[in-house]
Amino acid sequence: MVKNTVCVIGGDLRQKRLCELLLKDGYTVKTIGLFEDDSDLSPLKSADIAVFPMPMSFDNVYINAPFSKKQIAMHSVLEALPDGCFVLGGRISKETEDALTKRGLKFADYYKREELIVKNAIPTAEGALEIAFSELPITIFGSKSLVIGYGRVGKVMAKKLRALESDVTVSARKYADFAWIEEGGMNAIHTEDLPVFAGNFDLIINTVPAMILTEEVLKRVRDDALIIDLASKPGGVDFGSAKRLSRNVIWALSLPGKTSPVTSGEIIKEAITNILEETGVLDE
Amino acid sequence: MVKNTVCVIGGDLRQKRLCELLLKDGYTVKTIGLFEDDSDLSPLKSADIAVFPMPMSFDNVYINAPFSKKQIAMHSVLEALPDGCFVLGGRISKETEDALTKRGLKFADYYKREELIVKNAIPTAEGALEIAFSELPITIFGSKSLVIGYGRVGKVMAKKLRALESDVTVSARKYADFAWIEEGGMNAIHTEDLPVFAGNFDLIINTVPAMILTEEVLKRVRDDALIIDLASKPGGVDFGSAKRLSRNVIWALSLPGKTSPVTSGEIIKEAITNILEETGVLDE
Amino acid sequence: MVKNTVCVIGGDLRQKRLCELLLKDGYTVKTIGLFEDDSDLSPLKSADIAVFPMPMSFDNVYINAPFSKKQIAMHSVLEALPDGCFVLGGRISKETEDALTKRGLKFADYYKREELIVKNAIPTAEGALEIAFSELPITIFGSKSLVIGYGRVGKVMAKKLRALESDVTVSARKYADFAWIEEGGMNAIHTEDLPVFAGNFDLIINTVPAMILTEEVLKRVRDDALIIDLASKPGGVDFGSAKRLSRNVIWALSLPGKTSPVTSGEIIKEAITNILEETGVLDE
Amino acid sequence: MVKNTVCVIGGDLRQKRLCELLLKDGYTVKTIGLFEDDSDLSPLKSADIAVFPMPMSFDNVYINAPFSKKQIAMHSVLEALPDGCFVLGGRISKETEDALTKRGLKFADYYKREELIVKNAIPTAEGALEIAFSELPITIFGSKSLVIGYGRVGKVMAKKLRALESDVTVSARKYADFAWIEEGGMNAIHTEDLPVFAGNFDLIINTVPAMILTEEVLKRVRDDALIIDLASKPGGVDFGSAKRLSRNVIWALSLPGKTSPVTSGEIIKEAITNILEETGVLDE
């Protein structure tokens, strides 16, 4: 039985689910900024482990704490962390890392865990399916779909489209990827050949964070096709051209937290548990 | 090459898609009430085949013609049908059947075609998935789902849930159905045992048009579960009890036309083509 | 707890597995002719239920009892059945039915149970896959296969080929079957069009007990194709023509008992249990 | 149109299929030791490309040439290779590499190509299924199976077992692998926990070339379970203990060439084409 005290700071429904699961595991759980009126920092004093949300902050000034009535300053929380406290967060910024290091606190970024990234591909793909169901006037069944990229999200996305009987093509760049794509009963094309094939699809889902759907490609895309861009940061679509060409593009970010917060909380829980096991932080 | 003239009367995006496909097949296509300003009945004169929407009418008085600015009276259309015209419609009412018989016109109800009913189960199931994705805070992946009934919609629904890696249970009443359910890698329970098992599921989808989800069953359903009722006419849920118990119930009717009108138009086209082939109505 | 005595007469590994499962359920189990030296009929005296194998006999003279050193005459067993004994058998012949009726004994043929026929389609399909793996110099993955008939065996066979990523075509005769075949992600053709398409396939599996693969069709079949005939009684292949044309045909009968006797015993057990439940034969 | 001359030296049905495909692509194809009487080395003179089998030789003395009546010495072939000839082979030995380097010839080992290794996992998995169908008295459907290792073969093997509705567990060592295994609808266990779980399975397939199925593990394996060892070189099973414990172990090596030589030839062809494209060896 674990006897550690975890303090969960900020976050949304995901962190609420996380709290439930930590309680089930026998942790003492305290919260700051996860509810309307829990902005008091005093619970931090007894924390063996502090868990921040994903991302920790949108502006590096205030904690990402959408349910809290009061804003909670990052720096005051960082100062209030007790010595020896183990810090967990999602997408920890360079500034925060430096601050934690200066404080002499150990920390880990659960958003960098491979198992979390893989598992998050599932709600991401389901969220993309929801968009496709909602936007397309045809069924996924029997549709012609293209998934750009065969990384974690691309793999799961392509598989689910195939499971729903879409005729799936995946674009990639490596021979080994082509082999896996074909092994999965799908068509493989080289990403360089996108301009040649772009006009064949009812549904195009980009998973690559690089400018892939350029004006050249978008011109060939059918005007009744739906484009869903799942790629983070700069995205993979030339949105200006898309607008000019009246292409139907939806940029869908952070789907796991939005469409499946409870499952996302469970995925975070799993990653955190694995980190704690590996680092041997816990009391016996 | 077919040389017949088809007149498409009323309907929505499904009938527009139908018109496109009939044109591709070489038919001469005319419309009444499918657009804003085509309410004139004169195109009927030359019609070899008249195609009405599904349903033909909501009130037995006016044609189901949502795009038309003017309302179009059923009786005036029925009178204007030329002798020898073959009439196709979806859910033709008894009154209309009588009127057509009196006129000596042959007719067929494409909504009674088994192949249409089977194919329509696909957009219905996809529509239900869209609702589940949207309403549930968990992923379908890993969820526990129950499909009530193993008819056309039940079969397709259960298969798609399984394809998305839900842990699927299906309730039915016959040993042979149990065998097929198990063959499909799913759990089978007897519909009579629903009260015993109802509390196990995150997602419950009813496909049986009979009062199945009674107060007794609803009481056992978990309060964070989602219930989707796909059953027509009376539905299969005691909505009063559901409200009282704050169960999350969504009654989703006529999903194919709503969520996948283009595919639905293609399904109607296929059924119509099969009818015309079987009845030998066409020239040549 | 069931307290009935079951006597299992004749049979092979299937009936041995059946005995194990009946014992687990609490029945008193006795055997005649299931082992080397159990040919004595005296255990019959106390039998509430008598279970014969599938088929009961190959010649209507002796019990189908391959493990028994001595042959066991049908007529002496039928005479030795006690009054009130409930008789279960697989493919009970007309003669045996008459004899049982004359004796005033109730009986049921478990081989006629729909759930057994469905479940038996699984080992049948797996047995056909084993043959295909063994005979074909290509992988099922990526092969072009044809399943003739969309009954119980055809459905399961086609699904398993698809699951292994064969490009599957199914031939059938009804529009509704075509719809289901397409729903399953497979190609549908009309059985009448077999001569047109027969040359397209690496693997052809017939499930229809009628002369389908005539000389006309066999001529078009590629000479490196494998034909597996799963159809009972007359079979569906013109074997004379096949020999003359050097087509590779394998007639595979009774696969469940041969390739998966343990599973087959479990399927028989399930059918028997369902019969007993329905007929209310059991003591409480 | 390619105008190069390829000389195919030794090999079995795979190389015959390779020759067919090279001819189709427009290459001039010559053979040495691929048929009964083609042991003459003179065709080598005009070879732009020389293709050796997989493996090139079993003893580093003679070419692997099972169809040839005469044995063909490695050293005489290596000497006869013309200057500028590009050499392709499978599992080229260190000695041969040295000899080729001394000759100043460029070479590549197609057996090291990731896409070939991935594609070969398919016939390997199908071969293992054939063994399982043949050896097990139960159906794969409904069986409990364990795949040890989640590399190329493990991934494909597990997926095919699941496609046939086995209840699949995969053992691995990394959290990310566990995530992928669960994403695939399978159970994940840590390889270290094999002794705990080994008794649960009807079918155990090892894909890891390390001593995994030790006496300790084998003791827990059920005596009616089937063990298939797909791991190369030392294998992963303590065969001595397995014999002593009467465990049913089948060591299945080089399945692709044995069970699907035609497909294997196609896979080699693809790898060779990719190598030639990358290295720019071909004339234009």
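For clarity, chains are labelled A, B, C and D in written order, and residue numbers in each chain start from 1.
Here, a residue touches a chain if its C-beta (ideal position, glycine included) is under 8 Å from a C-beta of that chain, and two chains touch if they have at least 3 such contacts.
Note that this is a predicted model, so its numbers are computed, not measured.
Novice: What rotation angle takes the CA atoms of chain B onto those of chain D? Round to the nearest 5 degrees.
Specialist: It is a rotation of 180 degrees, to the nearest 5.
Novice: Can you tell me which chain lies farthest from chain C, using the average of the Cα atoms as each chain's centre?
Specialist: For chain C, the chain whose C-alpha mean is farthest off is A.
Novice: Quick one: report the Å distance separating chain A from chain C, using the average Cα coordinate of each chain.
Specialist: The computed centroid separation for chain A versus chain C comes out at 51 Å.
Novice: Distance between chain C and chain D based on Cα centroids, please, to the nearest Å.
Specialist: 37
Novice: Of all the residues in chain A, which ones touch at least 2 other chains?
Specialist: 122, 141, 183
Novice: In their complex, what parts of chain A are in touch with chain D?
Specialist: 113-116, 118-119, 121-122, 156, 174-176, 178-180, 182-183, 274
Novice: So in the complex, which bits of chain A are touching chain B?
Specialist: Residues 13, 122-123, 126-127, 129-130, 133-134, 136-142, 160, 163-164, 259-263 of chain A touch chain B in their complex.
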